[in-house]
Amino acid sequence: MSPAQGLTIETPDSLHIKEWLRAYQRIRAATEAICAPLHKEDYMVQSMPDVSPPKWHIAHVSWFFEAFILKPFHPAYQTLDPAYDHLFNSYYVTHGTPFPRPERGMISRPTVDDVYRYRAHVDRAMEELLNDPPQEHLQEILRRLELGLPHEQQHQELLLMDIKHILAQNPLCPAYRDDLAPTPVHEVAALGWHAYPAGVQYIGHDDTEEGFAYDNEMGRHRQFVEAFQIADRPVTNGEFLEFMRAGGYDKPDHWLSDGWATVKAEGWQAPLYWVERDGVWHHYTLGGLVPVDMNAPVCHVSFYEADAYAQWAGARLPTEAEWETVAHDAAIQGNFVEQDHLQPVSAAGSTGVLGQMFGDVWEWTGSAYRPYPGFRKLPGSLGEYNGKFMSGQMVLRGGCCATPADHIRVTYRNFFPPHARWAFSGFRLAKESL
Amino acid sequence: MSPAQGLTIETPDSLHIKEWLRAYQRIRAATEAICAPLHKEDYMVQSMPDVSPPKWHIAHVSWFFEAFILKPFHPAYQTLDPAYDHLFNSYYVTHGTPFPRPERGMISRPTVDDVYRYRAHVDRAMEELLNDPPQEHLQEILRRLELGLPHEQQHQELLLMDIKHILAQNPLCPAYRDDLAPTPVHEVAALGWHAYPAGVQYIGHDDTEEGFAYDNEMGRHRQFVEAFQIADRPVTNGEFLEFMRAGGYDKPDHWLSDGWATVKAEGWQAPLYWVERDGVWHHYTLGGLVPVDMNAPVCHVSFYEADAYAQWAGARLPTEAEWETVAHDAAIQGNFVEQDHLQPVSAAGSTGVLGQMFGDVWEWTGSAYRPYPGFRKLPGSLGEYNGKFMSGQMVLRGGCCATPADHIRVTYRNFFPPHARWAFSGFRLAKESL
Amino acid sequence: MSPAQGLTIETPDSLHIKEWLRAYQRIRAATEAICAPLHKEDYMVQSMPDVSPPKWHIAHVSWFFEAFILKPFHPAYQTLDPAYDHLFNSYYVTHGTPFPRPERGMISRPTVDDVYRYRAHVDRAMEELLNDPPQEHLQEILRRLELGLPHEQQHQELLLMDIKHILAQNPLCPAYRDDLAPTPVHEVAALGWHAYPAGVQYIGHDDTEEGFAYDNEMGRHRQFVEAFQIADRPVTNGEFLEFMRAGGYDKPDHWLSDGWATVKAEGWQAPLYWVERDGVWHHYTLGGLVPVDMNAPVCHVSFYEADAYAQWAGARLPTEAEWETVAHDAAIQGNFVEQDHLQPVSAAGSTGVLGQMFGDVWEWTGSAYRPYPGFRKLPGSLGEYNGKFMSGQMVLRGGCCATPADHIRVTYRNFFPPHARWAFSGFRLAKESL
Amino acid sequence: MSPAQGLTIETPDSLHIKEWLRAYQRIRAATEAICAPLHKEDYMVQSMPDVSPPKWHIAHVSWFFEAFILKPFHPAYQTLDPAYDHLFNSYYVTHGTPFPRPERGMISRPTVDDVYRYRAHVDRAMEELLNDPPQEHLQEILRRLELGLPHEQQHQELLLMDIKHILAQNPLCPAYRDDLAPTPVHEVAALGWHAYPAGVQYIGHDDTEEGFAYDNEMGRHRQFVEAFQIADRPVTNGEFLEFMRAGGYDKPDHWLSDGWATVKAEGWQAPLYWVERDGVWHHYTLGGLVPVDMNAPVCHVSFYEADAYAQWAGARLPTEAEWETVAHDAAIQGNFVEQDHLQPVSAAGSTGVLGQMFGDVWEWTGSAYRPYPGFRKLPGSLGEYNGKFMSGQMVLRGGCCATPADHIRVTYRNFFPPHARWAFSGFRLAKESL
């Protein structure tokens, strides 16, 4: 379900526009709910260059609506502070000069209160605009709104990733929340395999159909997928621990060359956030430091670790075409942000179907993030949204425990560099058919 | 044509083995011919971590035969110095601990003379072995020889790349040779396009057929290639200069994000080896510093530059499947190392066919270097030959002016990181069909 | 005047101890007054590794009293949180493992409110202790208090330096305070020189006299100071601008080799915080961005810049023995923190005496920071206070506009690395006698 | 004895000039003798940025005579190659743009043979000039020659330091020479102390006396040296091993802060070139890898290690004024390059006098390298010889086993950064008088 399911941008009537406004309000409120447990001090930290201070997220998503909708289309819009256009531009170099990303944590003013004032200012203007939209721009406004809402949802997930990374720097291991939904405990069933025959598959978003998709999911095209098998669930913490105990992090044999170099340079000995206490593996979660549930999907591993595990296990990662082929057979349900675990959980025993394709962990695929045939960037500065990142990254699929359920799709392509670990990233095995 | 064309390893008779020996001698001699113009001092330089001193190349390719053929299969083989197994192992971590790559230029002993003595020692032993091979190991010996010979040819090309980079550090711009074959001067024709229809293609090496291929060219598999068009020749220096003059290196608009960061960090303003002298673009070649031939293919550009040019030109790079589909229509002939230009040259006017698919410049494709479905590493340490490099790199196709003609194939996959420029790398445009 | 002038630690009676308590309360209150204008967000920023977040300062100075006085000598003291001993230890490696300095800005919890609670907790315990001190430890308690109070004063100056650096990162140039005392405007007189004859001088603190001094000011010893001349005031912004206009930052001629390398690496073109706006030099001050007062002492220059200016001007920096010899002739009065300018100001025209020896700017000397003959570290962990920093740094003398007036002495030795610029550092010229 | 002892530059007659020529020839020949055992490959290596390839040294010292004597004063001089003025300028930025130091090892042409041709070319011209000098420039020529000869001698020592560092990179541990003079074996006597009373000392070179000295040894001036004691010999390997066994490299207690940071960053566990083999400490010497002589002075330690040892031993390093005061009582004899050990050796038992003040190891002092009062740079580019390095370095005194005996003086000031270890650097203890 898209953020504005069933809403059309082609022939919107006033009723539809009201629904767009409600979707806007709902999604904006969700962002604020995520930040509610934070102290002002938490809002300020940039724990690594990839992480943004929560204060910045709060401002940037508002800037997105200001820069791309209010300034062009709201005739009376006055910005709160002209400097914000520089401070809260993320990476749109054709729009202006973005403030340097690694220095986002250096800026104490505007304060958190200032930023929320900016946010409220933008919200008021958006409501004005949507209550009385200029008809000649209405389609373009909705087109941009249709992008701005999932953009904000992406930052909701980033906020949770970043908050986790920020609080994890603290030797006190403070919990983000102590009222998270309890995690179920299931004994996971032995790994099973599903076989798929060879054939031509349509891959990517069909833009003749209803519903939003990012530019990187288009153009829809054919791929020949050779016969393959895919595991019926992700690899678990317990299985990954076997790899560790077999010397997985100590021997280069199963690693990509870049992966092994990263292991040595970073001193990796376990997934991110894992720490051994009195002989028991714990990991930091948004609920604090807890023992690792060996039945839950392994999380916070890099592509390099996923690939090394797969090689050690005599398997490989699925390609994104394989994953997408399979995903059509699975329901888009699972452990999303709405379940309020904010960590992957163990699934109930095998049900004879593909488990946990959606939610829990983003699944690393073996595919580099490159454009589909016929890919076209959006016009203008929004063309920078996805296209310029199509090198040096790998595709992940399926969403995770921090993703809004209505944000994900079968064709959704997420991407991170192969060394990144702070996303909720795990993996599922594939192999050739016999 | 493979290095030992028509030679079988399945049922070799003594006649065949003699031909293998002759191929060995021919290829080993070619390496030495490449080094003949060098001074001992040239043999010592490591101009960047990616470059190896020529002395190291000379020793390493000998070590390859020693480590993988002589030690396992020559019953009486005595190594010249046990330390060489450490010093001249490149990256085979399952074989032993390689001497650190960035420090190859720190090692003055063994001297160049010592290394040639080692080389001769290995050659004598190889001749002994091939003149009287142990029958029970014969197939395995030939299988490894079949890999060792193209391995040595790869290092011939690397030697020329590295020698060029080494001498180019020198403000005196010394020529490697002053007797290179003169470069033809042709007025290149306007760029033309060839259209290909959509369809399923077989990609990769067919191992039921005769002839050697690397493991990374297998397994052969089907890909659906949507309709596309491809340029009938590579982009020229003159065309690339237009991009430069249009501010190509000054504006981020057409660049991948990583590419633009690299442009700024490295201060790129032109292809590698280009320098302006009195308002005229020159470039360093193995024959010294000469004015740039505007009709020759642009060379020593990174993937990032190739991609930015293509975006600026409203086109894109071909995928490797597209390239391979097209390459079946082109003869494997062109400007290879045997032409003795050692730089790309301008082609004669359009002939109505695909020009310069082979030779001149390696062509960047838009495909990341990842395993084919069904890829299997070689057993043992030789499994490290290609597989572990399958991340963070892009595929190049077609060979170049420093490649031996009998080394290249339609299915040959070369690969470099997207920022690399010291290979003889250029590119060809593709675009969607109308 | 020392923080506890006239207070003895040898034979303290209850009256004296009350005065110590009042000094404690006064100095602790001064720290909090400095932080009063800050937002919580300002408390969090670490703008470079040398800078500490104000929150950390607030906690660390409290930790100092806790670790070195309360825990050893207050029989009933309970710490608020055992983790603080790690988090707020600055560099006392013999006391425990300090939290890594460059990561001080990563820690959002304890919050600012928590840290003030910790501060109040320590203050209550200190008051209890001083109201009813254990007699057998009284001298040691006072000895440590006598160090802890100037320690806190040092952090008051560091807080102002760090707050300035933190806010200066912000392109909005926010003022720390808009109610600073107005800066006087004087036309400064031409530079004059005072000549001193050769002779043996006693240098360093005389510990047979009353009054506190740091260990690094002892032992008092004799130095032969050859005849020299010293300028009657520091170099001004206007004079420094002449150096800039003469190409001071563009030519290596007058620079130390390390200094020139730093100029190139850092791109220095002016003192820290200077920026040209519409052809007029401005600089960021704690009152915001203002035009540079050309009659005020130049500030925020490194030792390298001071030395280069001096060489360009045909002079040199004074040694610290020369400076100390001269300083006996000057009154310890001037532009200190109490004047509430928080920036150097122009002095009234020449009065025939040495001007601005104290206050305004710390004056770089030509002397490396090394121990005096007979230097002895304090016993225990407090031995790390000064001694271990005696390499790689240069001595500065005289205090500045951010120094409490009762904190400075003729013998006071401040020190920074030669490239440091965020202290309120300027300089005064010296030269040989004719 | 200076390189041209007894030679005057004030009123030179033709006999004197012949002696200058002989001194020139003798010193130039000594450089070539040092390089005689090298292979061409050894000439090429730059094992770290501080090290220069021997080929570069050979050329640079010739360039010095060309740039500062031949070009200005030899009327018919023709350079061999104008590019050499750029390539072989070390750091004289007012003379031209030096080739970047860290890239000296990148330049294979001119070859070693070319460089020796350049050297011979310079020598012929120098002989011409000195056989028939232009009388009007004679004094300036001799003044520059008087600097050029010790300059070449400094490079002789640097050559030995650099060759040792170069060959030590090689896991084969090749010996530079296998015919070095055998090292004597003495049981060293227990450390004794000599006491010196307080008093004013004249420090620095007296330029009213005959004999050459560098600018940094002037101007002669008075220092008050408080009473002190100094050890009668340097600290030995055996004594330093006790420090190591006491956890010297494992605990921060005795280290300067910068020193301890360096220990951790570099992983230091022993002096440079030390390696444990089968439980026995060996070290690499110019004669190859040999067991450490526990009675010889410890060598290849940084200032940080010397200072940490001294603090651990309850002592300190002498200041350079103390060292110079003492050195007047010692004869300038000892283990210099002429003894041909090329490593420090154990001294015979105590003789009741100060031992090994000269030769064996450069002795770290506790004094930073700063100008003396009245220091004046030489005019012109030669002013860069010493002055611009007077920051960030510590003074060493007394020469070493690689120093020509006639190169050293009581007033001689050598200097290295506190972390440097590749010089033949050791130390001697001092302490206060009781």
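Letters A, B, C and D mark the chains as written, and numbering starts fresh at 1 in each.
We take it that contacts are C-beta pairs under 8 Å (C-beta built on N, C-alpha and C of every residue); 3 or more make two chains touch, one makes a residue touch a chain.
Which protein is which chain? UniProt says A, B, C, D = Ergothioneine biosynthesis protein EgtB.
Predicted model, so just to flag it, every value in this text is computed and none were measured.
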Most distant chain from chain D by Cα centroid: A
Chain A and chain D, separation of their C-alpha mean positions in angstrom: 60
Rounded Å distance, chain A centre to chain B centre (Cα mean): 38
Rounded Å distance, chain A centre to chain C centre (Cα mean): 47
Touching two or more other chains - residue numbers and ranges from chain D: none
Every chain pair meeting the contact rule: A-B, A-C, B-D, C-D
Complex contact set, residues of chain A against chain C: 39-45, 47, 55, 83, 86-87, 99, 103, 105-112, 166-167, 169-172, 174
Residue ranges of chain B in contact with chain A within the complex: 91, 93-94, 198, 200, 221-224, 226, 228, 252-253, 255-260, 303-304, 307, 316, 319, 366-368, 370-371, 373-374, 388-392, 394, 418, 432
